[in-house]
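Sharing a structure with you now.
We just call them A, B, C and D in the order they show up, numbering each chain from 1.
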Amino acid sequence: MNGDTSKVMSIETAVSRFMSDGAHISIGGFTLNRNPMAAVYEIIRQGFKNLHLYAHSNGTGVDELIGAGCVDKLEIAYAGNGKTAATCIRFRKAVQEGTLKVEDYSNFMMSLRFLAGAMGVPFMPTLSGFGSEITTSWGFSKEMRQADPKIVDDKLVIMDNPFGRWGDASKVLLVPAINPDVTFIHVQKADTMGTCRIDGLIFADTEQAKASRQVVITCEELVDPEALRDYPERNQIPFLHVAAVCHVPYGGYPTAVYRHYDYDATYLRAYADAAKNDEKFKSFQDKHLYGVKSHQAFLDLVGQDRLTAIKADSRTGYAVNMKRG
Amino acid sequence: MNGDTSKVMSIETAVSRFMSDGAHISIGGFTLNRNPMAAVYEIIRQGFKNLHLYAHSNGTGVDELIGAGCVDKLEIAYAGNGKTAATCIRFRKAVQEGTLKVEDYSNFMMSLRFLAGAMGVPFMPTLSGFGSEITTSWGFSKEMRQADPKIVDDKLVIMDNPFGRWGDASKVLLVPAINPDVTFIHVQKADTMGTCRIDGLIFADTEQAKASRQVVITCEELVDPEALRDYPERNQIPFLHVAAVCHVPYGGYPTAVYRHYDYDATYLRAYADAAKNDEKFKSFQDKHLYGVKSHQAFLDLVGQDRLTAIKADSRTGYAVNMKRG
Amino acid sequence: MQSKEYSLREMMAIMAAREIKDGDIVFAGTGISMLAATAAKNINAPDSIIFFETGAIDSLVEELPLAVADPRVMYHSASNAGLLEAFACMQNRITGDKVIAILGAAQIDRFGNLNTTSIGDYHQPEIRFSGSGGGCDVASFVPRCIAFMQHEKRKFVKKLDYLTSPGQLKGGGSREAAGLRPGGVNVVITDKAVMRMDSETGEMYLDAYYSGVTPEEILDNMQFSVDIARAREAEPPTEKELKTLREKCDPQRLILG
Amino acid sequence: MQSKEYSLREMMAIMAAREIKDGDIVFAGTGISMLAATAAKNINAPDSIIFFETGAIDSLVEELPLAVADPRVMYHSASNAGLLEAFACMQNRITGDKVIAILGAAQIDRFGNLNTTSIGDYHQPEIRFSGSGGGCDVASFVPRCIAFMQHEKRKFVKKLDYLTSPGQLKGGGSREAAGLRPGGVNVVITDKAVMRMDSETGEMYLDAYYSGVTPEEILDNMQFSVDIARAREAEPPTEKELKTLREKCDPQRLILG
């Protein structure tokens, strides 16, 4: 019973099966942590274009997708990548050059939009943002919104509190639900049915997964369902929401995966350096992205020394005293 | 640092410090599971009256509080207690005799109301309940609501979806936030700062705690903060929300506490039998409630044999093959 | 092979189990509805998934729980979350459309609306029941709901004393007009018959009567009449169904009695 | 005992740390704001609680994180949840009123409104920044916010190119009129001075200038003028503060440089 393993497949198969040009997608993680990088690189290699991308503060993955020219439209709260790039470099370039349409929200608003999608309601209320130009400056015009049935007509709605002053609020700001076509999440442990156990911070991965029509999981460890039934309270994404499970060790590299490995500051800095210059960036991509056939080949190129240097310490879950400066 | 243990106190002290007549309170758990029974019994023994009680499907604790005449007003989704009482018996009696004012919601609505309180917004939206008399029959009249600033003016509000048909919804139903004065939660493990680790289902305990102005935790095991820092992902209630931590082994008895003990079907049946008759109920209360001075004295009265019979099996977390028929 | 020796409760459990298909997420309540869910899983829909409003998914039910918060639903599940996650999973169309729910009620009307709140005036009830619980939510969200009922005149009523959980409301598209998505009770399983809702009118009709029961007897036990023109005799439980139900699903006879 | 030997960055970190009191929940960002939070915890407010928008509470920060999603914030915390829990904790008045936040920005105006989005026209920006992140949320909810700024004319502007995070909006109660609760930036800590918001008018004034800086020099480095009548010289960091900052908070000099 429930021994069905039909969801288990390679990331190459999952990307080609669930992705399409123009798809509305979302990726898990936060800046330089637990981004589904193997999935991101595979999407780029398979050449999907005109994507509509939803993110809160996903740095590394978002910038790679934009840098590769996969993304037309982006709804996001924050495009930075910690100390290596206060503003994501290819993102900045694309916005300044007008090749990327951006709709700005805050982190909480984006998280609430995924929550609304996960809960099956058209919006979530918040008290954030009154007076901010987030409410008045729309990256996607009303006309563009009305012309596209996959984009909600209003960026957000402000209304009077229908319960008077209840909850110490005179007004509420409503942010519309997101239901991506596909969401990619990288986790420490998943079982063959698709149930996931995440260590460390969840960010908004649970809501992103539950809001999505299809969810592709990549995992450091693929286990038998039996292995996750000991403490079901620890499983944040139940299999009901998952379409594909791909076993990809180091699938979050070069971002960090708590208790497994740290971010690779060296790689992220090299990326940031290259990203500042179009030609340098092209050769960087040619070497690290298009020059390899798979995530494993990319890891081979990076080399075992670097993977050893970022190996997580068993006490703290990160690489203690790793050179990061 | 943070070695502060000033939140640790007896349940007697916590109840007398945080409770008051007329307080708006909430209790955790669900029907016959993880009700904060030691707290409930202590509230009764200390004689607090005119309480306004919020619950979703709390059976055992709600019926005891009503049976003891502590509750004036109740907002609830479900007052039943599994097989022992399809409808809670003292609850039914109080409603039929007109001594208890009830406002009916659904389980999801009550959970969303706690969530709204926890999130600090005046309401949460749902697509539940259109056409139900929950929307039209108000247990608390508009006049009564307007006269009491602690009760929201409207039971709920139905409005057109402000985002057109986004989210496949034409209308939304808004339920107002709850922020109880005090919430009582029983957990398996808490640390001296108040952080809690719950095993098994959470029900809506997390939201109830976060929505509440004061939270009193009773726990099976009281541990040093260090002990819960190994897997912070497993701690559902951070100490920020907690005012008091009380070490009360068997503090959920006679309801079940997963991985510790099962419900006591014998006790619950005896309660249900007594509850059907006013005189029998009075003597039952005199013996089990007013006749004992503390939860420990109550457990002594119940006897070790019964506690042994409900001891949880280490594999399943409940008492395997326990007589329940 | 059919068996002549079975109780009405066994018949009801098997009738409900047959409604459940592989891949269905089965919203189970307490009592006979939990037994029906377990029966489906063990007999005809091994890849159905048992789901509780308390937040447990795909529990390994080794002993019959006596409540949806029984610790027996927490064992060996894929996830132990809470009420919000459970109801969100049903409200969300992506997962919610796969759910089939089993409900009970004190009263049902011709449009499959349910009363689990009170008899008499709501403010001064003659009889007070437990209230909605998750019933109103489930009937609002779930596309396929089974109602378990005793076939009695006081239960199949012309007008509910209180409409707790919405079915087709007043029929003729009134459910959707009120703001609800398609769904609510579409099958009623009683101790005499299986009734269904007409997809056009939203009204109840007699689909199948149990062996030894006549359509007339069924109408005699209801306050309203229903179309009996489509009625056929129900297929009784097979030996295999009964054996599994008795030996695997409720060996302690907690529900079967 | 005071020290003459310290960098401006050290001065800024200590000025911010002094704003933090025991019992405060400190919303920390990256860089110098994280350093200030760590400094407060190690120097003057041991019972303050470090809190990250990513969902970590009371982390044991043994190494300085380079981002709020750095695995270094996940170690030994009281809870590792997510963004929704973190922002709810600030939006909720019960816990939110205890929060003090540290923010940064590309531009600030006289009312403490912040721009972290773009320079030039929003639709065709000359310079695009990272965007709000949690900044707009924090400035909306949190009663006390510290802004870290470089004291430059292009940063203290008459009019923001984009108002990302609300301060006092246009002053004179306009914040509350817009629907916001009291809060937003009330202290600005720069490499020259500490500025505060007047509680009546909502306008920025000079509270303290660093040793060797004159109020006039401060005004020269802003596009708008502020009241300097209340200004005094800031108390420099003590030896003890500096020692702890250097040896305990950032021994790798990741932030101190």
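Here is the rule we go by: a residue touches a chain if its C-beta (ideal position, glycine included) is under 8 Å from a C-beta of that chain, and two chains touch if they have at least 3 such contacts.
What you are looking at is a predicted structure, and each value in this text was computed from that prediction instead of being measured.
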Set of chains adjacent to chain A and to chain C: B
Contact-richer chain pair (by C-beta pairs counted) among B-D and A-D: A-D
Centre-of-Cα separation between chain B and chain A, whole angstrom: 37
Euclidean distance of C-alpha centroids - chain B vs chain D, Å: 40
Mean-CA-position distance for chain C and chain B (Å): 28
Numbers and ranges of chain D residues touching at least 2 other chains: 56, 74, 76, 80-81, 84, 91, 93, 141
For chain A, residues that touch 2 or more chains besides their own: 120-121, 126-127, 169, 172, 179, 200, 202, 233
Overall pattern in which the protein chains touch one another (line/ring/star/complete/other): other
In contact (per the touch rule at the top): chain pairs: A-B, A-C, A-D, B-C, B-D
Residues of chain B defined as touching chain A within the complex: 116-117, 120-127, 152-154, 157, 159, 161-164, 166-167, 169, 172, 174, 176-177, 179, 198-200, 202, 231, 233-234
Complex contacts: residues of chain B adjacent to chain C: 29-34, 56-57, 59, 76-84, 86-88, 91-92, 95-96, 98, 104-109, 111-112, 115, 126-134, 137, 139, 158, 168-173, 200-207, 256, 258, 262-263, 265, 312, 316-318, 320-321, 324-325
Of all residues in chain A, those that touch chain C in their complex: 1-2, 4, 117-121, 179, 193, 195, 210-213, 225, 228-229, 232-233, 235-236, 238-241
Chain B-touching residues of chain D, taken from the complex the two chains share: 25, 41, 46-47, 49, 56-58, 60, 74, 76-81, 84, 88-96, 98, 141
Sites on chain C touched by chain B in the complex: 30-31, 53-56, 62-63, 66-76, 80-84, 87, 91, 93, 113, 117-118, 122-137, 140-141, 162-166, 169, 174-175, 178-181, 252-254
